[in-house]
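Structures are listed in the sections that come next.
One chain, chain A, links the two complexes that follow: it is found with chain B in the first and with chain C in the second.
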Partner chain A sequence: MKGLEFWKNVSIGRYVESDSPVHRLAPATKYLWLLAIMIPVSSSRSAVVVCASALLPLVFAVLARVRIRFLLRGFLPVLPFIALAATFQVFLSWPGDASPVLAAVGPVSLSLREAVAVVMMAVRFAAMMLAIGLFTSVTNEGDTARGVEDLFSPLARIGFPARSLALTIAVAFRFIPIVAGEFESVVKAQAARGADFGTGSRGPIRKAKAYLPLIVPVTVRALERAESLAEAMEARCYGSGPATRYVDSGGVATDAVARIAAIAWIVAAFVAPALIASVS
Partner chain B sequence: MAIIGIDSLGYTYPGSSEPALSDISLDIDEGDYVAIVGANGSGKSTLVRCLNGLLQPEPGTVRVAGADPSDPKGRVAARKALSLVFQSPPDQIVASVVEEDVAFGLENLGVPRPEMRERVLEALDRVDLLAERARAPRFLSAGQQQRLAVAGAIAMRPRIVAFDEATSMIDPVGRKDVLALMDDLVASGIAVIHVTHDMDEAARARRVAVLSEGRLVFVGTPAELFASDRLDGLRLGRPRSYAAALRLGIEPIVGEDAAALGARAVRVLGAAITVAVSEKASAGGHATGGDPIALADEAGAAFSLRDASMSYSNGAENQCRAVDCVSMDVPAGTVVALVGKTGSGKSSLLQLLDGLALPDSGSALSFGVDTAGRKADLRTVRMRAPLAVQRPESAIFEPYSGDEVAFGPRNQGLSGERLVERVRAAMDAAGLPFDEYRDKPSRTLSGGRKRRLAIASILSLDPDALLLDEPTSALDPASRDDMLRLIRGYASGGRTVVMSTHSMDEAASADRVAVMRDGRLEAYGPPDFVFGTGWDSSWGIERPFAFELDEALIAGGRA
Partner chain C sequence: MERSNVRRIVVSGALGAVSAVMAITPLGYLPWFGGASLTIMHIPVIIAAVLEGPIAGSAVGLIFGVTSLVKAATAPVGPLDPLFVNPLVSVLPRLAIGFAAWGAFKLFRGRFLPLAAGVAGAVGSIANTALVLLALGLTASAQLSGAFGVEVSALPAVLATLALSNGLVEAAAAAVFTSSVIGAWKGIETARGRSKLSGEGR
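Up next, the complex of A and B:
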């Protein structure tokens, strides 16, 4: 469709229904592995660990039969930021950088250390985007919420509201298309009355004023619909006592193995470089 | 045995000076079937919310299956005994998978998993959604979503199910299914409370309770209610077959359908009635006559579509064709009713006509302007034939009614005296007299008036045509009549109206009817053609009552 098109029909993430060993993992296991990749690639100082962790999403993608090119597309939006950061690296020098200069144009030079930093940063970003993209393409909305509940279930025993947190996530997912739909309907209603958004208005106040016909009704409608949903949930005895779960997402033996492996990976990612450093 | 006991109940919303309900006393028996009727704002929904503790009545008491819903302990018991089905289908779905949504209430009650599974499947089977159990609810039709809500209610094994205007936002076929489910519940001994505006629906209940301005003004059988001379004073109508029987001059029977009424009329009144109807028919009246409308000259048309197609989410996996190769002309000065099931493409077609959506292929002309043309000024096109989207009142944003109506003409560049004149004319035409309503806060208006304010705010553009998407949906009968009067008044000035509707009785009073199915235009012609010779029952819509009755009368005469 041309004209005013909105993301009403877009689903969150890019979950693709499929049956693979990765899809079959329990959601909490998937979260653990997501952490097992994210933590080392974001905070490990060892290039080897970062690169090894960055390979993991690719291994999982092959196992999950998700096309890597499909995942890389999610990486495109962050490219400008990486380019910007890389530019800063090149223009500003590290204090006391004694590594060999690889290339120099006038006063601007690229040292080996700078080059490594740029590459590492790109690898870290790519790995994170790949891991998140993979997670959303193998985990449906329901599991994304349930996994949080499972992950926090040990804390639930001491009163942590794991189920409420999971439900909040599930409802937030539900509301994205709802709010988008309301937004679309209001934009169309105002456009039919000749509203012209974002053109011809100068200055922040006038600009904000132009959006008033959108913000007020969309907010009101979103709140009304949230209230309706809250009523419906309450009418169905939400919060009336200890709850059970319809879907069993606790996992099987494979999950137990995979979870231990994930935790082992995180531990190893930090312990191994330290060990190697102390030996050498 | 009364399962619900309401004793001198009152309720005042916080911040309001007027009570929403006062002095309501009513008993509902085990297995009863009670309709609660009344105009918008009469307190029907408030009453239902007091029954399960969503609101706490003050003063008065409520007992549901022996429990007091205003007491935190009694509330769970009351909610277990009384399930609610709400008005808006998508707003009561919690989970992202059908069967998980049915299980939501059971999870909250802490039902063990094996039993939960059994009850979920049983409930889904009962509403005929077993095949959809693994699907995402947002891909279900509104009617299916409402059946899903019923499944969630009955999985709780309640003793009462209350439907709060649960049929007002779904198409006729979906509505029929939900009404059949109510009968099914009653047959299995579960009490049903049905809050509705529709007298045909109320007539199905065993008892009717009428609320007016927060007071219970009538409780009795439907027959007693419809025979009552207080009906007009309460701004309530009669069921269609009941009113038709009165017009025919025979004894009305509550719950009779058009076919039964027709057959009975022929028995009672003899062949004379059949002759009269047949004559009307051969003179080009109902039941026969009329021809489909062929494509004519685009020149005299207000709107003109040629092989217009339009899809949502182009290129994505969930791409769908909303409008599929539609060609039609709407001559200036005609009223066209668009009918078809939910999701058949009515809203999308209206957006094509308005220029809010542009065709992917084919062409759409609005008053001679090709909306996809490079030179088309879409803003002018839209303001010449503006669209009122579904529930247009949700787009109201100005605190004061007069300002809201002035938004459009201001965008056209009007100001001063001319602006005031436009706003005055539009508000007067919409039945909201300018002098009285200009400074009324828009949010305090009743539902029906809010809807009319929204229509006034496009009338003030002084358009050559109106495009209305379900302008009468979810309005009570009196507000619906006001709205139809507004539309007729506008059209009587020789201007064009294209409106979608789920009421075939409304469609029958249009000049032309366009039937949509799966994005295609299935039929386009005068009502006599579409609902007469051209009728196809596979369209998934109903026929207007008058056509069904005429057909039954003619059939009765032949027998």
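Up next, the complex of A and C:
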């Protein structure tokens, strides 16, 4: 009965409790920096910008006292994939590749351009994984939801439901352990009645059919709980007037500086390569 | 019954949690022929769209997309996982599932309810498959050709084959699951408030 205890394997991110300068930043500031790293890393064409942005999460990890090895652990399973992509780059040559050849064995050659492409791909993946891993280890669940509201608060003035979205995310966080527990008890109940979840050697169609009496009750139970929660909230007049917040975050000078720095970084990441290109 | 805003928010949150749990545990995959697996993680998104409208559907889609992004970044398992770290692949296509499913449901709503839900499930699932593969093809063609071992020019054919072989079975599975869940839930809702015995004689 291995694999029945889903709850043990359920974790979104890995929050590390600590009192570092990075942990103390307001959630919206952390989101801004996440964007400031993700956008250049995923879409900038300049190698310098990508590498500089990839170094940022490492700097923040040191500041946040999160071990870098802990963040890079997730990178190991990806290495075979990158190796495969690298091999393929080596075997196929780019059309019109005039860059110097670094190494050649028979008909197969590794040119500078191919090597750069492989390294850049690895750097991009590593940087994005580091950034997201770090964000989840310095931001707890409540802050993740509150940050969404703060981040979208400028849009809320033109009617974007920032508060509703934040509440949806907070409810989802609260429901995750409940739903996981629900799955566990339904799987156990079905297994006790002889259901087979991926252990036997029966045909795939029969295995797929076994999931129907699992998904339906869990979803319906989640909907029932949601109905009761909605009723309880309506009974307490949620949504009938302005609501206040229990935790108020933001407004500290460090946050203002960090936010301006994040926006400046995004702008610089796209303006600087264009400027350099126009000068030279 | 008029659906209140609080109800819509809370139901989206609950279905988002179902989707998130499916995305982080092996429960989101149906075992299928030849070691391949079918995803059923997008089904809560379709259910939300059918029950509470397109905005709730995209809110659940957002939760689903972000969960798959975080999972791909912190605990990757498959060779394609690193590509899902890009929000253009993992989040953006998932926002559209809700709209597609809700549109399909709207078209058929006057008819037999489980049928309308089934059609919504199939359409939502096809939207998911097509848009994710499209996003993958647009953003990561070089890496994909490496992963599949084909030239970049042959990539559209490979992606189309994948869409047909996996996507159609996933659409059928989504139709069955959505229709069953909606049927069960609506059955509960209509029976609520009166004694079960009173309905049995008819």
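We adopt the following convention: the second predicted complex is superposed on the first by the 238 of 280 C-alpha atoms of A that agree within 3 Å, B and C clash if a C-alpha of one lies under 4 Å from a C-alpha of the other, contacts with A are read in each partner's own complex, and residues count from 1 in each chain.
In the analysis below, contacts are C-beta pairs under 8 Å (C-beta built on N, C-alpha and C of every residue); 3 or more make two chains touch, one makes a residue touch a chain.
Keep in mind the model is a prediction, meaning the values are calculated, not measured.
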(request) Quick one: classify A:Val62 as touching chain B (first), chain C (second), both or neither. (result) neither
(message) Quick check for you: in the superposed arrangement, does A:Arg225 touch first (chain B), second (chain C), both or neither?
(response) both
(request) Once the structures are superposed on A, label A:Gln190 by its partner contacts, choosing first (chain B), second (chain C), both or neither. (result) first
(request) Applying the touch criterion given at the start, work out whether A:Met233 contacts chain B, chain C, both or neither, answering first, second, both or neither. (result) both
(request) Using the superposition on chain A described above, determine whether A:Leu212 touches chain B (first), chain C (second), both, or neither. (result) both
(request) Figure out whether A:Pro80 sits in contact with chain B (first) or chain C (second), or with both, or with neither. (result) second
(message) Looking at A:Ala180, would you say it contacts chain B, chain C, both, or neither? Reply first, second, both or neither.
(response) second
(request) May I ask you to decide whether A:Leu102 touches chain B, chain C, both, or neither, giving the answer as first, second, both or neither? (result) neither
(request) For A:Met128, select first, second, both or neither according to whether it touches chain B, chain C, the two together, or no partner. (result) second
(message) Shared contact residues on chain A, chain B side and chain C side combined as an intersection?
(response) 3, 9-11, 167, 170-171, 173-174, 178, 212, 214, 216, 220, 225, 229, 233-234, 238-239
(request) Report the residues of chain A in contact with chain B in the complex, numbered from low to high. (result) 1-5, 9-11, 140-142, 167, 170-171, 173-174, 177-178, 182, 185-186, 188-196, 212-214, 216-217, 220-221, 225, 228-229, 231-248
(message) Can you tell me which positions in chain A touch chain C when the two form their complex?
(response) 3, 6, 9-14, 38, 42, 74, 77-78, 80-82, 84-89, 92, 117, 121, 125, 128-129, 132-133, 136, 161, 164-165, 167-176, 178-180, 183, 198, 204, 207-208, 211-212, 214-216, 218-220, 222-227, 229-230, 233-234, 238-239
(message) Looking at the complex, which residues from chain C come into contact with chain A?
(response) 4-7, 9-18, 20-21, 24-27, 30-33, 38, 40, 43-44, 47, 51, 55, 59, 62-63, 67, 69-71, 73-77, 79-82, 85-88, 142-143, 145-147, 149, 151, 173, 176-177, 180-181, 184-185, 188
(message) Residue numbers of chain B touching chain A in their complex, please.
(response) 49, 52, 54, 75-76, 79-80, 83-84, 86, 88, 90-97, 99-100, 103-113, 116-117, 120, 138, 149, 152, 156, 310-314, 316, 318, 320, 322, 351, 354-360, 372, 379, 382-383, 386-392, 394-397, 407-408, 411-412, 454, 457-458, 461
